[in-house]
Amino acid sequence: MRLGMIGLGRMGANLVRRLVDGGHECVVYDHNTEAVAALAAEPNTTGVASLTELAAELSGPRVVWVMVPAGDITTGVIEELAGVLAAGDIVIDGGNSYYRDDIKHAKILSDKGIRLLDCGTSGGVWGRERGYCLMIGGDRPAFDQAEPIFATVAPGVDAAPRTPGRAGEISQAENGYLYCGPTGAGHFVKMVHNGIEYGMMASIAEGLNILHHADIGTHNQQGDAETAPLANPEFYRYDIDVAQVAEVWRRGSVIGSWLLDLTAGALQKSPDLEEFAGRVSDSGEGRWTVIAAIDEGVPAPVLTTALYSRFDSRQLFAFGAKVLSAMRKQFGGHDEKPG
Amino acid sequence: MRLGMIGLGRMGANLVRRLVDGGHECVVYDHNTEAVAALAAEPNTTGVASLTELAAELSGPRVVWVMVPAGDITTGVIEELAGVLAAGDIVIDGGNSYYRDDIKHAKILSDKGIRLLDCGTSGGVWGRERGYCLMIGGDRPAFDQAEPIFATVAPGVDAAPRTPGRAGEISQAENGYLYCGPTGAGHFVKMVHNGIEYGMMASIAEGLNILHHADIGTHNQQGDAETAPLANPEFYRYDIDVAQVAEVWRRGSVIGSWLLDLTAGALQKSPDLEEFAGRVSDSGEGRWTVIAAIDEGVPAPVLTTALYSRFDSRQLFAFGAKVLSAMRKQFGGHDEKPG
Amino acid sequence: MRLGMIGLGRMGANLVRRLVDGGHECVVYDHNTEAVAALAAEPNTTGVASLTELAAELSGPRVVWVMVPAGDITTGVIEELAGVLAAGDIVIDGGNSYYRDDIKHAKILSDKGIRLLDCGTSGGVWGRERGYCLMIGGDRPAFDQAEPIFATVAPGVDAAPRTPGRAGEISQAENGYLYCGPTGAGHFVKMVHNGIEYGMMASIAEGLNILHHADIGTHNQQGDAETAPLANPEFYRYDIDVAQVAEVWRRGSVIGSWLLDLTAGALQKSPDLEEFAGRVSDSGEGRWTVIAAIDEGVPAPVLTTALYSRFDSRQLFAFGAKVLSAMRKQFGGHDEKPG
Amino acid sequence: MRLGMIGLGRMGANLVRRLVDGGHECVVYDHNTEAVAALAAEPNTTGVASLTELAAELSGPRVVWVMVPAGDITTGVIEELAGVLAAGDIVIDGGNSYYRDDIKHAKILSDKGIRLLDCGTSGGVWGRERGYCLMIGGDRPAFDQAEPIFATVAPGVDAAPRTPGRAGEISQAENGYLYCGPTGAGHFVKMVHNGIEYGMMASIAEGLNILHHADIGTHNQQGDAETAPLANPEFYRYDIDVAQVAEVWRRGSVIGSWLLDLTAGALQKSPDLEEFAGRVSDSGEGRWTVIAAIDEGVPAPVLTTALYSRFDSRQLFAFGAKVLSAMRKQFGGHDEKPG
């Protein structure tokens, strides 16, 4: 197929390349004209200077993939597309939009007869090579029309052994893409995916942190009336090579996972990770997952705690911690220990 | 009664004064001879220079209250007392000993016929005036003999209105002291008391921290592809006077509590608490409470989370946070944001 | 003052009585005409059959206190009041409205020149006697006009000793009511108050649960390859009288609090609480507090965990728990243990 | 090599088969004589009826792998082996022993000159086919002598692509086994591995539970003064096919993992998992991991919360939840809602 791609950052550019490798043609646009020029130099890729031009380069029903930052920027592109596309056209939002925004965006587009597919896209910087896992919501007939695109972008069934019990024809999900339901369903599933990601990442990080401190009994530890001494120093005399542990867990263990593979890679390069300060960002989906859990009234303590670890890493409890120290001073006369 | 007091720090010295005010006589010892001399200048208080001398100043069955730091120091005193006291004597450990150590200490003493009472003592620097809440374990007849001491040290029934439904004779618990069971039971209950204390403190601190940040929508907030922007700035434009809020909650609210009183006092003195760095110590009982929950197989997520907040405040997740940043860099190419 | 009260449930009726006791006159309305008739039989209380009638019974600037369930019902009353009141009048929403709804309600009213005060009201069924703690937001001049009402409803300074360091004139906060800021500020502070309440309640409940299970070492415990045996049965042989412990903590301890008083009262009546099933409801503020923490990007793990405990108590993780059992079966061949 | 295997359960029997497939000979013992007879019918496998006989069938330095339940049973076997083996022999404890027990066991054996290797073994029922991930501690020369055994049992380097940056000779860790340090180090690392496993499992389970409830807006939801109504029913109208979602995430997504593969398998067989009650066992390592975190003073909120979810699934907070309901009844007059 011939389709448009708006947004040529890390994700967008690699999607174009994977699509072209898979036999599609791409008309590409970015507000950064250099990015357009660079990508347009590759085969079967046409650069354009505006969305109007992009619309003109495609024929109906047009398919346009939007891959720009979520929030106001995505909304702006959707509004502009509502002006240049025509009834029957299809817009795919492959970014990290909040699923509630999808509902607003679908309305803007459907007023013109244009159909929105919200497409959660996982795979990060490795997606060009590994393929992207796609979770799609929106208009079902539009999905069916655009399916060849998703089939190309997704990893395909060979990326993992078949699940025992599955037989016969390969399903969508086994190819690495899935129609999840009406507008927002794709980004809803992607949101929860990222919530799980936060929890799995924190699980690994907490475990490695415990191993990293397993030699604490060999340090000089002194308690006093206000500080808990190390309970059993004789049990904490291990000098664990955390990088080697991450590596050994990659084969045969229950916690084998892509995140562990990446962790092993990072520790292989830099066993003490001294190039990181440990200020961990969060990009929205973890927060939205927690809000969904609370709205639904279901507990998600692990995912929530993982999110809060990130807030903590950015010192966002500083005032609260001062309140705790102030209370201890009040009732016990305890001064803070120096750092 | 005439009794001995070992350890004349903040807690021990005030216990002596409260006991003397209540009509008892105290023989006092500390390894710091100046502390002994200072207290011995007060009425009905005799200073001694050794535990042998202390034993000689008391007549059987002797009662000796030990108020020294938990751990090795308490064990040392117990061992020394086993050498100078006689069968039938009573040792009260009023410090923050781990209840499992009580079992060891009781054995050391009972080999000589000496009886141990483990006595969890709550009240902090305010106890002389308010009285101390006492949770006592150990030999029941020894408790009965020492009860007049506990009755004096405790706040007495007037410290709070009677619980609806309680009538007739005032019980031990209503006077502010309680025999909880065999050796260790007193410190076990005190341990859980402190675990609850951690949870209540963290509840107040988290709530005030949320209020402190309620004006976040008035600050310039900029998200990008890797950072969640503030979702609804229009809902976070409140400049809350946290000190006044703590004060208003003291009267009539559901969360009225002594900890809130102290918080209001601290914020009254220093609304921004800038004299604190927010490095919150923990003194053992919180940890032991969690270990008890885990051994029992019962969930204690709130108390545990409160404990972990303190560890976090001391930057003890630093390596784990770096692991998280390293993973994000690996899969998403995300660089850390500057602080 | 003469004011209107809409909503004569537990809270509204008691507010009327406290106001009348304090020298005010009340015009009362409820959709339940029996409730109106009953209350109108009390002194200085006039019953009406409609909001129009209520408006007619008051003279400008009228003050009307709304005490009905939050959400659609409150919005309905606000809309109706916008039709019957006049410019300059004051509406006090004393219910548990979400502070974001206040902003909508204030708009509905201000279009007619009517002013809204949002008033978080804490005190529960005990408020008539103890007074209510009031957290107020909205139009400042309206607050100043209505202040005599708040002063009567609040507990007054004598409800607690003055905070050390406070001297001179008694402040609003010390009287138990506080103007917190523009529209929504009052319910925002009340929301966080309830979030803290959840955390403090859970702290007490978890601690008492640990005490309740302190005899687990006396039960027959059998581990197998898939079940952790009790680690140290010798340390868990205490048969703690939880009701007495709650009582003893009421005097002199660090965790003394109104919630503990109430807990002691409940356990005094029913030490095993067998009349409760342990299905704990939540009424919105705990959820909103967590959402505020997440929007602000500040960690609130204790308050959140306390909320999730309630969800858990209603079996809302059932499917997730099945997923866990299913995974264990898959990788370890572990069958579930019978209950 | 020719080695002994004690314990022919699921794990032990499959280890024997994998060892024999890899060219070793096994002398096998179990207290269940039928298990011995069955396995001894397989090639290069000799059954024996006692540990004395087992010792006689091997020549020095003997190597004996113990694969029996952790705790008293393992200790019993270790003690018996101390009586029948000789100086220089090697015992491998491949079970789930607590690393602190290893230290006791090593002492029992070293008094006779026998050396202990503690070997954490991950892989579950799939290990015969996939190989087992091995984390080994203890005497280093003993490890070097036994290494051919570990090399056979482990998955080997081909089980996963090499980590980028690793080149040259294949390391131990890349083959799937690792010498981690002195006695206990292997089981310490395995313990933390299982702690991480709990966290990852809970992350997936919580996420799927949120998806499972994503249609809550289509149910009739009624709030009242004591129950939070569903905030935004229009955002929760998705009927997600959870089994398909688990499948699609297996390819290309960030959360791809063996646990997800197993989850997809379980949901493929039984989308509603109705054969499970959701009572999730725990087998010790999760608890020990948390105790290690607390002893070290490092936060592990995600791993701990995951553990508590399991306790909760077994209704171990029942009394605490009743306390919460009792408090609500006390301060708000709230009755429990029926289930």
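Labels A, B, C and D are assigned to the chains in the order they are written; within every chain, residues are numbered from 1.
The rule is short, and it goes like this: a contact is a pair of C-beta atoms (placed from the backbone, for glycine too) under 8 Å apart; a residue touches a chain by one contact, two chains touch by 3 or more.
Computed from a prediction, not measured in an experiment: that's the story for all the values here.
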| item | value |
| --- | --- |
| Of all other chains, the one whose Cα centre sits farthest from chain B | A |
| Between C-D and B-C, the pair with more C-beta contacts | B-C |
| Option in A-C, A-D or A-B whose residue-number contact pairs overlap B-D by over half | A-C |
| Rounded Å distance, chain A centre to chain C centre (Cα mean) | 38 |
| Separation of chain C from chain D, taking each centre as the mean of its C-alpha atoms, in whole Å | 44 |
| For chain B paired with chain C, centre-to-centre distance based on mean C-alpha positions, whole Å | 29 |
| Residues of chain B touching at least two other chains | 124, 202, 204, 206, 209, 213, 228, 231, 254, 258-259, 265, 282, 287, 295-301, 305, 308-309, 312, 314, 316-317, 320, 331 |
| Of all residues in chain A, those that touch chain C in their complex | 254, 282, 287, 290-291, 294-295, 297-301, 304-305, 307-309, 311-312, 314, 316-317, 320, 331 |
| Residue ranges of chain B in contact with chain A within the complex | 9-10, 69-71, 96, 124-126, 201-202, 204-206, 208-209, 212-213, 223-229, 231, 258-259, 262-263, 265-267, 270, 273, 276-284, 286-287, 301, 305, 309-310, 312-334, 336-339 |
| Complex contact set, residues of chain B against chain C | 99-100, 103, 122-124, 127, 130-135, 154-157, 159-160, 163-166, 171-178, 180-182, 184-185, 188-189, 192-200, 202-204, 206-207, 209-211, 213-214, 216, 228, 230-232, 234-241, 244-245, 247-261, 264-265, 268-269, 289, 292-293, 295-303, 305-306, 308-309 |
